[in-house]
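What follows are several structures.
Presented sequentially are two complexes of chain A, the first with chain B as partner and the second with chain C.
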Partner chain A sequence: MSDFLAYLTSAPSRPHGSANITDKCYDHQLRDLIAYLKQPGVAPSTADINGYLEAISPAVHSLSYLYLLRIRIQQLQEKTAVGVPNDLQPGGTLWNQTVKFLRSFDPIQIRYVGHEWRELVDSVANAALSVSKPILAVKMIRDALERLNTAGVFTSLHLMLVKLALLSSSYTYVLPVLDKLLCHFPSDTQNAHAGILLCSEHEPSTVFFTDSSGFSANLTYRDHLQFYMYSGMVYMALKKWDQASHCLGIVISAPTANSVSKIMVEAYKKWVLANLLGHGKLFSVPNLVAPHVTRVYQSLSKPYISLAEAFEKRDFQRLRTEISLGQTIWRADKNSGLVYQVFEAYDKFLIIKLGKTFSALTMPDVLQRASSCSKGSRDIEEFVVSLVMTKELRAKLSHSPGNETTTMLRFPLSSQSHALREEHIRFRLIQKEAALNTISRAITQTKITLETSHENLQVIAKNQKLAGSSERSGVVGSTEADGGGDLDEDLMGDGR
Partner chain B sequence: MDLPPLSLDQLSAVITAGPTPTDLYTSLSAYEEQACLLSATDPSEKDLLLEFYTAFFFSHLLTDQICEARALTRRIPREISRLDAMQTCSLLLRAVWQSKHTEIYKILRELPWPGRSQPLVQRYESYFQEKTLVEMSNSYETIRIAAAATYLGLDPAAVEGDIIEKFTACGWKWDSEKQLLHPKPVVTAPPKDDSLQNELSRVMALISNQGS
Partner chain C sequence: MEPMLPEAGEAALLSSYAPQASGSMGVDPDPITGLVSTSAAPLVRVEEAPKFELESYIANYTGRTRFNRLYLIGTCSSYLAVDALKAAIAEAKSGKDVARYLRAVQALADVAPNEPEATIDSDWVERSQKVVKAETDRLEHELRGYKNNLIKESIRMGNEELGQHYHRIGDLTSAFKAYSRMRDFCTTPSHIASMLFKIINVAIERGDWLNVQSNVHRLRSQGGKPEEQAKHQPKISAAMGLSQLHSGSYLEAANSFIATDPSLGDTFNEVLTSNDVAVYGGLCALASMDRNELQRRVLDNSSFRNFLELEPHIRRAISFFCNSKFRPCLEILEAYRADYLLDIHLQRHVQVLYNRIRTKSIQQYLIPFNRVSLESMAKIFVLGNPTSQSSQSDSKSAFVQELISLIQDGTLDARIDLEKHVLVSTQGDKRIEVQEAVLDSLDNYVREAHLRLLRSNIIRAGLEVRPLGEDRRTKLEERGKKGHSAIGNLLRATGMKQ
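Presenting the complex of A and B:
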């Protein structure tokens, strides 16, 4: 047992004992450990596994801990012949050990066992679903993804996470993952950077997430669309209309060959509603969408287009009729909740629009001008006041002096006080300065990477001149002409 | 670090420790998983669940997460959501969503709340009053004293001088001739938002990687 334990603890994580080992040596250690653990017949008995799981730390010996957890799960699955044994169900011993592992594993060690790591995450999701409590998996998978840091690489786990969030109605928990830009798919192994050690801490994380690293199941076109569709739904549940519109916009702008998929049409319907609710109007589809695709969307979403037209024309009667007529459609499309919110949004944008025509109105005037508003005279003041107080309507309110009970609504050019305006300008200046600094740093880095910095270009020009003069003087193959001079070496030292 | 097990005493300790609203939300959200593993039909655990979900609900309101609070009411076990206190939470949520100030104060002050949640109920009332005061200050140029008092849940029949004093202490001015209060706008810095920086960094890194 002590020999086996010695093997299990032979490669601690970098901060816990392997900090001074070279990348190459650490890589060897980890690969040796994996080879040892994968040997047939090396698996310990059930009782021993529990002992080892108690003895080693999931944060320090993540690779070994993961291996033991998997062996234990397999043993239980074979013994009980069920996919989710009792011990793995939420609250069970194995569940607790898995939770501990996923919240503390060392992301460097896990790069070597992506497939096994993902299988464990899948087991957690299945276990939570088996007891109809998907929320138990949501935070754990989110934390695991954050810990792993996929650095903008889209994986099948992202899709799983957003599905679980929708199933469990726990939307805010997944925002840390959804708010991050995803701009890569797992890279092709063929094109992966050769010679890069998986334990290297200085390479961009994207290098480690390849199609054979195991961190993601095979991804399809549909997975990508589903992820953004579901992300849009999460944002809509939180009434973050701009983000929802962005995600749904990605789905409707996806490239198509001949046909438009159903999910794209569903996304278009939700995109129309998200824009109505967020901006009170129907936007043109993004430029990326081909005209024939737009025509398909419009022909398959006619009730939604009619609804949006009635909304934009501020035709309340028609809007009410459209909503009433389309009830079975909204229900079938699972958009009833969104369509119901259209009434409230209609009133809001009707009042906001008054500010484009008038500079001040009394509340009775507001009611008269917004006669199509669904609110009655009693509720209109309360509604307008709530719009102003929540800053949805840029206006000011003032009560009249004396015994009059009139409230005046003013639409000033700027609803902000001088001090408030200055504070906002100051804040925006700070924000712009930080943005410019970020861009500037990135440009410098890019120049170094592309070798187009001013110093590099000077050296190249100098080398070319020297090469020209050497050739003219009959000297070929000088050191400087090959770019091997001291200056060149010094300048290029950090650029690689 | 392992969390101490969820219990009534532990819950009281978290609530009475007086953390910031964000810390309170973070602490209680960490306990949601433990709460999910308790049985809503077991009488000994039912009380704990009721107290936990009531406190968690208030932590959402204190951090202005109204939509997520609505989502929370959907994931509370049915046996708990049927209880009077949770029904009161739903009433309060609707009143907050509809900005019905009078109703909000009435629900907070007059309806029964579980014992351990009382500090949070009072804390939310103070928070809501402060938030409303800022909103009034930035929305109204002039406001009648009765209206201002109603927004803050003060008794309009109370001594006028006391109400005026409360507002003038916040920098508002009282025009006795016109019988109107002149609010003083509250300048607050917009919340810090790192998303632009993060996105820019990612986009620039992407350009750099693609170019190399």
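Presenting the complex of A and C:
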């Protein structure tokens, strides 16, 4: 018993006791531990496991803890013959232990057991789903993913997380994960870095997420398309149109080989709507999209395009007829909610546009200018007030001193104080800097893996030169090379 | 231009009534967009009396343009219709062009059916037709004879005579062809020059402005003696300006007209007079140049001054504009609108030119102001009815509507304050603009880079969108790559198929 415990605690995490061991030794320790744990017959009895789980800390001995948890779950599943045993359901002891583990595990140790770790996360998700409370899993999986820090590598867990978030409508919870730019996919060629030890702390962590690491199930094109589609939907639910448009833009510009996925077409429809709601216009598709794909989009989403055209031309009558004509289409595509928001967005953009022409005007004027507005005279004021309050419209409302009945809408040039605005800009700049850094790191990383960095190209060029010269010298001796032959002929021509 | 609007409406209403002129008149075959009306029919009905006197006006011109101008005035001006058309009929009868005689009579019959001239003189028509036919046959026959004799000079002259004849009888296409055939038989530079001028004249009458331009270029590059060139220069510039005016490039037209030498005098009367050069050049310059340029290149230009002296009101308008007295400038132009609408070349450009001048005046007027009351602007830019000026600053007045449309199409960089009734110029904070631009471009860069990076990584990971059948296969291939044995692969593949 104590023997077993000694094994379990043989490899503590780096910050807790293993700080001074070299990478190589630590690697050995961990691999030994895994080998030991995988031996058949090592598994202790049920009662013991609970004791061990109490005894060791998930933060220090993450590997052992994970194994014990898995054995426990397996045993329960075998005993009850149910996918999700009661104990694992939210509120059960096993659930609590899993939560504790996922909140505090050591990401370095987990690198050795990606597969098992993913299975645990899967079972958490299943448990939460089985009691119809996906929201419980969302927060946990998000924390676990954050803790693991996949550094821009896409895994099947990301997809699962967004799915759960959509199911539970807990959109803001997943934002920390979605806001990170994912740039890589687990891939085979990482084996080129075979010399790297999994426990190394200094390597870019993309190295640790490969196909064989088990952190992700096998991916198909549907997975990343779905992920970005769902991300776009999350952002749309939060009315973050810019990000939504970006996510959907990724889906519609996905590389294709001779065929177009239905997910892409659905994304195109939503993309059109998101741009209408966010920017009031119909953008042309990103130039990465192949022409034949664009044609597919356009032929399959005609109602959406004509809706957007009516919107752009500020043709309210047409817009209304388009919307009512397409009722069944919107419903079938599950886009009714978005389409209904188009009305409001239409009014919003009309009123915002007034700010470019006028610096002040009365409410009746607003109503007259935005005469195609769907609002009545009384509603328009309320609508403007709500726009101002939500900061969509930078304007002020005031009653003129003599006349209490007419309200004045005033568009000042800058509504914020100087210092406040500078602070705001500074904040945004810092945000962008972070994004830029992420991207540039990812670019360097990709360059290395694709071997298209400057040095690589130089080497290739040099090799070609070398190969070319050696070929020529080698060939001339045996048979007449093209270059050599030409040269001879020229000489003879000159001689004549 | 609200004073113009009722007229324009009328023009639209009356255009169905107005008799139509055929394409052989000096009308551009392809109408320029943005005009009041774009059909080949008379474009405008002018109700007001023009300032000029018909006899003295038409006396300035010679050749076929006399008829064309008279006919245009007759069909467009309700005030001068009868007089002009009578004169046009007399003009047509003095020539040999039967078609235009018939057209003029028809037009007169529409306006004043009771006039004695409004009935067709079938005697004259028959006689003329016979004469024309005989003449055509004779000339064709002669030309054939010359061709058989292979004497270059005779062939050239034969063609020239034929061209002149066709031109006289109004068959412009044949005239153009006959003149063009002269080219191979020209022996001296002066022959070539005269041939090109004839072609230009016909092309102007046809409204074939591309040909005018290309032949003008030929004339320019043709060389010849300096004194010859100096003699040709004014006509060349005027013709060039005319074609540029018609193609809507007003700045170039202004430059061409301004460069016209005053020695033009009355040498080009079969097309235009010096007065016309002054008007066309002045208006084009007003519409396309800024104040400094106008002062430097138009008012201080000693050679163009000779032209401007012929039309002092244009000179006055330009100097008013240069001195920022916009109201008198616009008033002068407005006063002469009727005249210009009855000009054969200017008619379809008056509206555009006036609009541009007006827009430019408003822009110039606003430059020194931070905010201007709408009322004081209305005092300058609303011509005509001074009584209703108190309401001009109302949001529904035509003037404010005009300003709104100017702001919306981006011509004016200002905003209207309907509470205090002022026009506020927008002075953007450069710092904010730069910051916004930086953030925007950062944003765009990050997005674009992310999109492309993802794309290359997707392709590298083999996750492109594929047809469903293919999808399985590639997965197998991938598995194969991962070190499975070929046999296992094969087994699995066959298993899939079953």
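By our rule, the second predicted complex is superposed on the first by the 388 of 496 C-alpha atoms of A that agree within 3 Å, B and C clash if a C-alpha of one lies under 4 Å from a C-alpha of the other, contacts with A are read in each partner's own complex, and residues count from 1 in each chain.
Everything below uses one rule, namely that a contact is a pair of C-beta atoms (placed from the backbone, for glycine too) under 8 Å apart; a residue touches a chain by one contact, two chains touch by 3 or more.
Please read these numbers as outputs of a predicted model, since none were measured by experiment.
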- [ ] Examine A:E382 and indicate which partner it touches, taking first as chain B and second as chain C; both and neither are also allowed.
- [x] first
Task: Touching partner for A:T362 - first (chain B), second (chain C), both, neither - done: second
- [ ] Considering only the touch criterion stated at the top, classify A:L288 as touching first (chain B), second (chain C), both, or neither.
- [x] second
- [ ] Mind working out whether A:S170 is in touch with chain B, chain C, both or neither, as first, second, both or neither?
- [x] first
- [ ] Classify the contacts of A:L457 with the two partner chains as first (chain B alone), second (chain C alone), both, or neither.
- [x] neither
TODO: Examine A:M264 and indicate which partner it touches, taking first as chain B and second as chain C; both and neither are also allowed.
DONE: second
Open item on the list: Looking at A:C25, would you say it contacts chain B, chain C, both, or neither? Reply first, second, both or neither.
Closed with: neither
Open item on the list: Going by the contact rule set out at the top, does A:F427 touch chain B (first), chain C (second), both, or neither?
Closed with: first
Open item on the list: Quick one: is A:T256 in contact with chain B, with chain C, with both, or with neither? Answer first, second, both or neither.
Closed with: second
Task: chain B and chain C contact sites that coincide on chain A, given as residue numbers - done: 181, 183-184, 410, 435, 439, 442-443, 446, 449-450
Task: chain A to chain C touching residues, read off their complex - done: 181-189, 211-212, 218-221, 223-225, 242, 246, 249-250, 253-261, 264, 286, 288, 355-362, 365, 368, 400, 408, 410-411, 413-414, 421, 425, 428-429, 432, 435-436, 439, 442-443, 446, 449-450
Task: Of all residues in chain B, those that touch chain A in their complex - done: 29, 32-33, 36-37, 65, 67-68, 71, 74-75, 98-100, 132, 135-136, 138-144, 147, 175, 177-180, 185, 187-190, 193, 195-209, 211-212
Open item on the list: Which residues of chain C touch chain A once you look at their complex with the stated criterion?
Closed with: 395, 404, 407-408, 415-420, 424, 426-429, 432, 435, 438-439, 442-443, 445-447, 449-461, 463-467, 470-471, 475, 478, 481-482
Open item on the list: For a test of understanding, state which residues of chain A touch chain B in their complex under the given definition.
Closed with: 90-91, 133, 135-136, 139, 152, 168-173, 179-181, 183-184, 204, 206, 237-239, 382, 385-386, 388-391, 396-399, 401-402, 410, 417, 419-420, 423-424, 427, 431, 434-435, 438-439, 442-443, 445-446, 449-450
